[in-house]
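Next up is a structure, given as structure tokens.
As written, the chains take the letters A, B, C and D, and residue 1 is the first residue of each chain.
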Amino acid sequence: MLASRRTKGGIFAAATIAVAALVASALPAQAETGVTSSTIKLGITVPLTGAAAPGYNKIPGAMKAYFDYVNANGGVYGRKIQLVVKDDGYSPATTLSVTNDLILKDKVFALVGTLGTANNEATTRLVNSHSVPRLFVNTGFSGFADMKKYPTTFPLFPSYATEAKVMGKYLADNFAGKKVALIYQDDDFGLDAIKGFTTAGTNFVAKIPYSAFSQVDPTTAPKWVTALVAAQADTVIMFGVTSATAALAGAIYKAGLLGKIQMILGSVGSDGTTLKGLLGPLAPALAGTISASFLPSASDATDEYITLFKSINAQYNAGQVFDNNILTGMNTAMMTVQALRAAGTTPTRAKLIKAIETKGSTWASASLSPILFSATSHVGYTGYWFGKLGADGNAVSADGPGKYTLYSTDSGSGPVVKAAAARPAMPAKGLPTN
Amino acid sequence: MKHKSPLQRFALSIVVGAVLLLASGHIDELRAYQGAQIAIFAIAIASIVLLTGYSGQISLGHGALMAIGGYASVIAQIHWHLPYPLAFIVGTAIGALAGFLLGIAAARLRGPYLAGTTLALAVGLPSLANQFHILGGEQGLTFDVGTAPPWIGKEFSQYRWFFWVCVTAALAIFWLLRNLLSTRYGRRWRAVRSNPTAAALSGIDVGRAKVLAFTLSSAVAGLAGSLFAMLLGLVAPLAFTLTLSFTLVTGAVLAGVSNLGGSIVGAVVLVAIPELSGSIAAHLGGSEKVTSNLPGVITGVLLILTVLFAPNGPKLPHRKR
Amino acid sequence: MTIFLNTILIGLNSGAIYSLMSLALVLVWRSTRVVNFAAAGQAILSTYLGYEAMNRFHNYWLSLPVAVIAGALISALVEALVMRPLAKRTKGTPVEAIAPVIATLGVLGLIRSLAGMIWGNTFLQYTSPLSSMGFKIGHTTIPFSPQNAAIVIGSVVVMAIFAAIFKFTRLGLSLRAASFQPEISRLSGVRVDRMRTIGWAFAGAAGAVAGALVTPTMFLSPNSLDLLLVTGFVAAVIGGLESLVGAVVGGLVLGLGFAFILQYIGSSIIFSAAFVILIAVLLIRPQGIFGARSSREA
Amino acid sequence: MTLQLSNVKVAHGAITAIDDLTFTINEGELVTIIGSNGAGKTSLLRAISGLLPVEHGSMSWRGESIVGKRPEDLVRKGIVHVSEGKAVIPELTVSENLQLGGIWRKDRADVASATQMALDLFPRLAERMSQGADTLSGGERQMLAIGRAIVARPQLLLLDEPSLGLAPLVIDQIFAAIDSLRRSLGITVVLVEQNALSALRIADRGIIINLGKLVATGASADLMNDPALRSAYLGY
């Protein structure tokens, strides 16, 4: 049933693209929606208020800062990028309402960095029916790589399943024989991860699910620790959001188990600055924690991208502390600028999608992972490096500053490959010239 | 409206419906979407008015009942391969069943105890979706009703079609409820609300009347949930949060609680307030901290002022208190 | 056995916090027959003010009274400016019971947004000088730290103060009388409007204590006490809404219940569990464990 | 000349409860207000004690207007109203109910002596001080309600149907207590009663109202002896 629905959706989507392409090619003189001679208008939905907002609400500001920097340096072929930011409070119904506004009223050219799995799911029909490019969605749900269901959508970040698969290989390499436990959020996020660990063949002495809502309940984290002790675990994988991760770190520390239970964090909850802020005086709890990342450490002063983004942040986003969220936002913005440039001097939505599919894999990006975009795949990053956090919350590569060992794979069941990370050099002054 | 016969009301619904649906050809997609939203909210608010306004029971959990209806419809489509109009009926029926069960427990509870129980339901129920694989977890299940049928016309946008479906459903529900409330059931519920003891003395089975009201209210909420799922294109726990339940009760109070016609006004206000506060905030501007929170401030103030200055909802003609 | 005892300690700790929030709701319910959803908002605002005070004085203990007084004032203001006029306007209308609930939701949204506007939608740290490291018994560390002890002791102290005020003072008698029989109280010379405001102020103070004690164990954001509102309300309903003892018992039942469910069944069903616990209690006693003998309408 | 009402009108929504009522009650008098059910007696007392707003007319107590004053303020001026239906707070103990009567008073020593006076008048209350008021019988509750009023040191005592629903023997006790109370304290008492005969027996004067209007006023003996009034309003 699922398969037949997908095929139907696929035919429909293919037809839509064909029509869109026809229309686009038939009316070359007509300016594309959201593009004028002097501007390109983009839209993003993200929680700016509500329980999910902290951290994520820094992303749009960082993107704007980078766009402002590019605009100040000539824009994209003379056009200035405008980013319309809409708060959805993490509610899919609100996401749809404000995305209606973005697409039908503000008439944006494309959506960029829209956040949340259910949130993006809720706008899919609208996005598909208007063939609006939806670039670099901020979710690790593996489903969005399905080109038939989501023909205009490009996930950039690796899926949770990929992450878990990679982590499984890392565990096999470095933690063989250890008693590993897993704590995961019991939704798509955690379940996707379990799929990945199953592919990797990782065995756990305990699997502890937690409800996405319960992380701020003070009861939760101490209970995890009692469960870890009961299972005699010496290593724990945490696949949770930042606040839950902080709660776990705090509880392990409070129970005097720091150094006795090794924490390994998934990328979602591993932003050191946020963790440090959440833990306050308990920040020493972070020392020695291993975290998986696809972007370089936000504190790596030797990284050319980080250095540049930091200076842009200081100039165009004054008052915001540079952290993984800002890095994420700027990196997404940089990818976006390259995509817009690749769409040419008379950009259309169809050209934009084509440009990412054909050229996206070559673009400069802060990530240490290769980009797998192609005409047959909408999967972006698939690689991670593993670093150790200090008590200051900063992740440090075991290979020393600026050197990273990357575990990468494909989005399916292919093997995980370990290699020194290499990525395209940053264009001069961080201004894409592709 | 009290003095009209069912047939007259039916004719009225048809006329209103025809006008609205013809009008839909002249409004843009955005307004069509909002129109559909209003129709769904109106149905959901009517379900609360039925419960609170007519039988005196308070529910803070109608968002959860909408979730039940929505999930039931989607599962009916995905697993039982039912065409979506039938899926809506399944959503309504399962909503009724849930309401019946809840109603049995609720009939024993009064005021704040019922409010607390339904609140716990509103918080607890959506998280169940993560427990059972069939419910699709956090990202939910998609609900695809497709585009407008070909016989209705070619240039029929998705949202215009949703507008048609939702408005038709709303008119049908309002017609049914109006007629129902003028029968002896309606009179019984009013008697139960205004004085349960007197109602019991005059031979009304208060418990049964309350359970029936809860069942019916949940059925209507279930339908609203099915339509909501259609509009969103999915069901997911995040779509049916406590906030939704609170929003519906707010709409019911803005509607005047005991005023079925007011439901429409309440629904319009619910859709208008975020838009209004959003545009006020956009005009005022300020730093990002300010602009992102300004709509919330304005919504809060508007809500407080509305409740303070029009606590009994809009003054509608034809109504005696 | 260790796990069992640990679970009890964890449940005691969260139960103490639930009890305080439950107390805040019960105090308001007793004085004005309103379920105050703004309680979480009032508590978050007073906690932010406590946070400000701590940044100024660099002393957690000095910031506590600031938070408590602020909480009392905020709550009294909400009562005097919104709830009292609303009660007069809706008296005898069909929305008499439910309009105040909506008003408190409006206040909740307003305060949360104001807090976001002033302090930003970020996580802030409101830290206590007390160690969060669990006490050590022999070689094992128990999941109960000095800060947890402060939470439990603080809750007990607050409850004891309120119990003493209600039981042994003339103000307490006036408050009780005004909540049970406003008309007879007025005819006895009790300024009932003032008692309502004081009842709200007490509730605000209780909520402020909850916020200021629990926040050092987690973090501060405009939404960080939302969950506590739900658990506090469920606890209040379990306890019977009327009774201070009930608020405490309800909080402990829920705190321990959650802890044991988390320990032995798993966390994902926790909110469904709240519903089940509530239904179970109410099916046996529809008016809650310590509810009034003669039931009153909402 | 202490309690004076002129052209007073009181309404319950659209229904007029008291219409254009004028009368005077002198210091130290015990006046009973008589009328059938719905005559407006209770509304009259509630208007005097400030529970009901006065639409029109003037009311004064010892020369000072009491229109628009709140009940809690009037208590402080000596106007104490024992409302209809055994006005006690069942959730409180007997002792707390009595305490409540003097809750606003600064002179604690006098509160104690007034409490003692109430207990002397109703010795049954003294035996039940620590019990909940909900455990009392109907008559005891009425005693407690009056006792609470005594603790407030009333100058003008407004009693609404103290005999309602009580056994004849208890009614006699209550009326005897009222009579002895006003004699020992010299206070002014306004007694609203349906039980007209018992009331007139202890009252100096009676005021008969019907449908919110004054019908007759006069010395108790005169009213009791007027055959027309007797058959129409006094019911014997």
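We adopt the following convention: a residue touches a chain if its C-beta (ideal position, glycine included) is under 8 Å from a C-beta of that chain, and two chains touch if they have at least 3 such contacts.
Bear in mind the structure is a predicted one, so any value in this text is a computation, not a measurement.
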Consider the two chain pairs A-C and B-C; indicate the one with the greater count of contacting C-beta pairs. B-C
Greatest centre-to-centre gap (Cα means) from chain B is with chain D
Taking every chain's C-alpha mean, which one sits closest to the mean of all protein C-alpha atoms? C
How many angstrom lie between the centres of chain B and chain C, each centre taken as the mean Cα position? 31
Whole-Å separation of chain centres (CA-atom averages), chain A against chain C: 38
Report the inter-chain centroid distance for chain C and chain D in whole angstrom, where each centroid is the mean of the CA atoms. 42
Distance from the CA centroid of chain A to that of chain B, rounded to the nearest Å? 36
Set of chain C residues in contact with two or more other chains: 112-113, 116, 121, 268-271
Give me the residues of chain B that touch two or more other chains. 123, 127, 130-131, 292-293, 295-296
Among the residues of chain D, pick out those that touch two or more other chains and give their numbers. none
Report the complete set of touching chain pairs. A-B, A-C, B-C, C-D
Would you mind writing out the residues of chain C in touch with chain A in their complex? 3, 6-7, 10-11, 13-14, 17, 112-113, 116, 121-125, 127, 132-134, 136, 141, 143, 145, 214, 217-219, 221-224, 226-227, 231, 255, 258-259, 262-263, 266-271
Within the complex, which stretch of chain C touches chain B? 29, 35, 37, 82, 85-86, 89-90, 93-95, 97-99, 101-103, 105-114, 116-118, 120-121, 230, 233-234, 236-237, 241, 268-275, 278-279, 282-283, 286-288, 295, 297-298
Complex contacts: residues of chain A adjacent to chain C: 48-51, 53-55, 57, 186, 208-211, 213-214, 216-220, 222-223, 225-227, 230, 243, 246-247, 250-251, 253-257, 274, 277-278, 280-282
Where on chain A does chain B make contact in their complex? 1, 5, 9, 48-49, 57, 61, 87, 89-94, 96-97, 100-101, 104-105, 116-119, 121-122, 124-126, 129, 141, 143, 186-189, 191, 211-213
Could you pull out which chain D residues touch chain C in their complex? 49, 51, 70-72, 75-76, 80-83, 87-92, 96, 99-101, 103-105, 134, 148, 152
